[in-house]
Amino acid sequence: MDYAINEMEQETLNATRELAQKKLKPLRAEMDAKEQFSKEMYEEFRKSGMFGLWLPEKYGGLGGGITCLAMAFEELSRVCAGLALTPGTSALGAIPMFLAATAEQRERWCYDLASGKKLWAFALTEPEAGSDASSLKTTALKDGDYYIVNGTKHFISTGKEADFYTVAVNTNPSRGARGISLLVIEKGTPGFSFGKKEEKMGIRTNPTYELIFENVRVPKENLLGSEGRGLLYVQETLDYSRPGVAAQAVGIAQGALDETVPYLRTRKQFGQPIITFQALAHKVAELAAKTEAGRALVYSITHRMDTEFLPAVQAALENGTSVHDELKKIKGGRWTKYSAMAKLFCANTAMEVADECVTLCGGVAYMRDFPLEKYMRDAKITQIYEGTVHIQKNEIIAALIKEYAAKGE
Amino acid sequence: MKDWKNVWILAEVSRGKLSPTAYELLNAGRSLADALGEKLCAVLLGKDVKKFVSDMFEHGADVVYVCDAPQLENYIDDVYAKTLAGMIKQYKPNKFLLPATNMGRSLSAKTAVFAGTGLTADATEVVINKDDGQLHATRPTFGGNLMATITCAHTRPEMCSLRPMAYAKAPHMPGRNGEVVEFAFDERNFTSLAKFLKFIKSEGEGLDLSEAEVIVAGGRGLGKAEGFVLLEKLAKRLGGAVAASRAPVDSGWIEYRRQIGLTGRTVKPKLYIACGISGQIQHMAGCSGADILVAINKDPEAPIMKLAHYAVQGDLYEVVPAMLEALEK
Amino acid sequence: MHILACVKQTPKSDNVKIDPATGCLIRSGAESAMNPFDEYALEEAVTLKEQLGGTVSVITMGPPAAENVLRDSIARGADKVYQLGDMAFAGSDTWSTSYALSKGVEKINSIQNIDLIICGKQTNDSDTGHIGPQISAWLGLPNAAFVRRVVEAGEKSITVERLTEDGTEVLELPYPCVISVVKEISNPRVCSVKGRMAAKRAEVVKWTADDIAADKTKLGVKNCPTRVVKSFAPKRDANAVAVEGANGKEKAAKLVELLKENKYI
């Protein structure tokens, strides 16, 4: 079922479905086998306006908010979760900027972001700081009008291909987690280099790199928001981006079903199509129901988010303030619990659906000629990045305890 | 209309080379001229083209109109079309056949407007209607799904571009002679604002598809770019050229100019060997004119297995090397 | 830069069906879309606009339903769209069609000067390739057909590569001029969400023969120089001979034998 409630969302679905079928599908197997980023597909995403879906029209975007972003990510991931990350991770890298940026910073970055001329990426994880982001070691010490950045980030999606990196750094190590800030660092800045390219289980068409900062001088104009509030912006970003990962997971699950059902309908054993065997048919029904439940959850949340996000963006543009400040003004809800629920449920569903689909189709699905094994490999990442499923559970239970405690129960 | 007499053909010359279509047009034109009891005339445009005059006579031309000028060294639409329109105005031909080559297609279209007359594109058969002496040109449309016969009743000349290889070459008749008419190039009026800068020869060596009598074509079933190396071997052995369906071109395995089909080129070789090509209607539009079509395909249900004259069910990587082996015997 | 793309609505090539009895095209249920070659033309126009700035206009001639390809053009990035529609145009051949289009071009040009006109190589329904060169002839403009690449679009002229049977010719054409393009020139995009929404709201300018001051004695099935006198389904040999053999090797040997026997090789 389509959860589009307005014309813009419906056209987003139409456009991304066509793009996925016409442009993405013919490329995915080859790029996955070569483990290559596709410049050709990047250009297609750019020409079809995929980078500006969630951004305001002022910057050349569509003005579609979090829902359009998630819908596009779902439909693209339904065909190739790896290539879908080109616009996906650019949004992830840019959301913290867009939330915390001043009007001047938005002017500087948002036009090229929305047109896709420049790609963004998000750099939080470090070798010693994964789930425990607060322990990050990358430092950015003030030197006049500059920050001097030193440290290493790893497992960074769209690494090397992106032009701008939103990097979590510590500007005041003595304050620990309260010293964490966000800096925008441009590729090509002296001292900023790329280390190892990772060889991954799935999402192979998206390059994952290590980022190395050696005395990188970053102008203070590239600081997002205030010093020391980095983790707050990160949390806010994840609130908005986790439904996106959940949407990706729904797309993967749906894509796996798209490959499986026609196969089960045409494959004959014991003289009949194997979908007529009830054990298999019921399994498919269950998987489809879970996928739909995940989708319903995602769009219930994003639609609700957009009722705050879109007005806050509008107000920020009118008042020349940051989106973060406008969200605070309207006492915008923290979506952490629901975002975590969506990501937890959908990621687990994607993994289960992809896994079961391979089993349902049997030997053929284990072969690389058939796309299902790729779905299974790709699904796994949704349980891991932007917080593992266990971290999502921590978020949910923390919120629950707080809620019940507030009620004195 | 009585003033308009004789059957003209354009003998295309490019970069000092006479196109083989000239002989095909002379052959087709000969039967039209005979049916009408009129003369067959060849038109030569270009620089240093006089040397081809006797060749025209020896292939059936009764008259050769020559416009030899340095301005005609390279093909520029306006210059050529204005020259042809000038010749048409002066000599009033009854029918005018041009080759449906890239140049001929473009030139015939522009000339038809300048000359104020009708044009049929890319015909595969031309005949004279006995009752009224009109040219009936039959051509494939809708990508070869429909044949249409087209006439041009009220304006002259009746123009038509003829698909390369639709007709056999005219026989060579050594010593045959005819009349030469030189047409002066009008440098004041036969002008264009377009400038010809340069010609870049196609990198891939080998025969051009429009001239190849044997074409070995590869499709999606090749699976990889290297598959064309094998097809190239077979093509070379048979004295032909290599072509492709759309999928390998889109995958970047082979250059676009080798694509056969609706969005590529139309060919009419004697023998067309389709390897790993399913035979979608879009592809067939480009190759169904082949005298003999051979399909080599793993899938017995592929549409081409019914459209071909000879269908070989099997893996092309097994069949093609075995063919090469058999050819050595 | 003002670029005009010429497009046509044609039956989708993959579902053309011919009635074998009458030899006529079965139009009912046949889906229509933009002629695929025109997609390449329009994409190139929009790409040039993105590089150089300016306006892309699109013109079509056709029945009322042809408005769809103009809306589609807006979705693909065109700015203004014009439809020539009049019973007087019906049944026109390429000579008459190109005349009508050239009159439409003149009228658009009177609104905003046109620099470049781009046509597809040919249509997928009539396959002539006449329209580009013929529009240029009516308008007295330089042209190039079978253009595979724009080398440079400058201030005053455009340099293009034209495909020949044996290579590529490079030509420089001053504006205004006409080019007809092959598939190689561009890779048509999938319409953006914004484009799709704009397409629904766009204004389609509609002109009759009188609106463009066309001479009606040059138009329509009665006045155009050529005429279709007969149409029929081509003969298709459906009796393919299956080359038999125990394995690929045997089949290959048999095939070579058959081809040799019949003197095909």
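For clarity, chains are labelled A, B and C in written order, and residue numbers in each chain start from 1.
Methods note: a contact is a pair of C-beta atoms (placed from the backbone, for glycine too) under 8 Å apart; a residue touches a chain by one contact, two chains touch by 3 or more.
Every value quoted in this text rests on a predicted model; they were computed, and no experiment measured them.
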Note, CA centroid farthest from subunit C's centroid sits on chain A
A student comparing A-C to B-C should find more C-beta pairs in contact for B-C
Chain with Cα centroid nearest the overall Cα mean is chain C
Cα centroid separation, subunit A vs subunit B, in Å, comes to 54
Dist(centroid_CA(subunit A), centroid_CA(subunit C)) in Å evaluates to 41
Distance in whole angstrom between the CA centres of subunit B and subunit C is 20
Listed in rising order, subunit C residues that touch subunit A in their complex are 187, 189-197
The residues of subunit C that touch subunit B in their complex are 11, 13-14, 16-18, 23, 25, 36-37, 93-95, 98-99, 124-134, 136-138, 142-146, 148, 159, 161-174, 177, 180, 182-184, 224-234, 236-238, 240-243, 247-249, 251-253, 255-259, 262, 264-265
Subunit A residues touching subunit C in their complex are 7-8, 11-12, 14-15, 18-19, 22-23, 44, 47-49, 53, 62, 64, 68
In their shared complex, subunit C is touched by residues of subunit B numbered 14-15, 74-78, 81, 101-103, 105-107, 109-110, 112-114, 117-122, 136, 139-155, 192-202, 208-211, 214, 238, 256-257, 259, 262-264, 270-271, 280-282, 288, 291-292, 294-295, 305-315, 318-323, 325-327
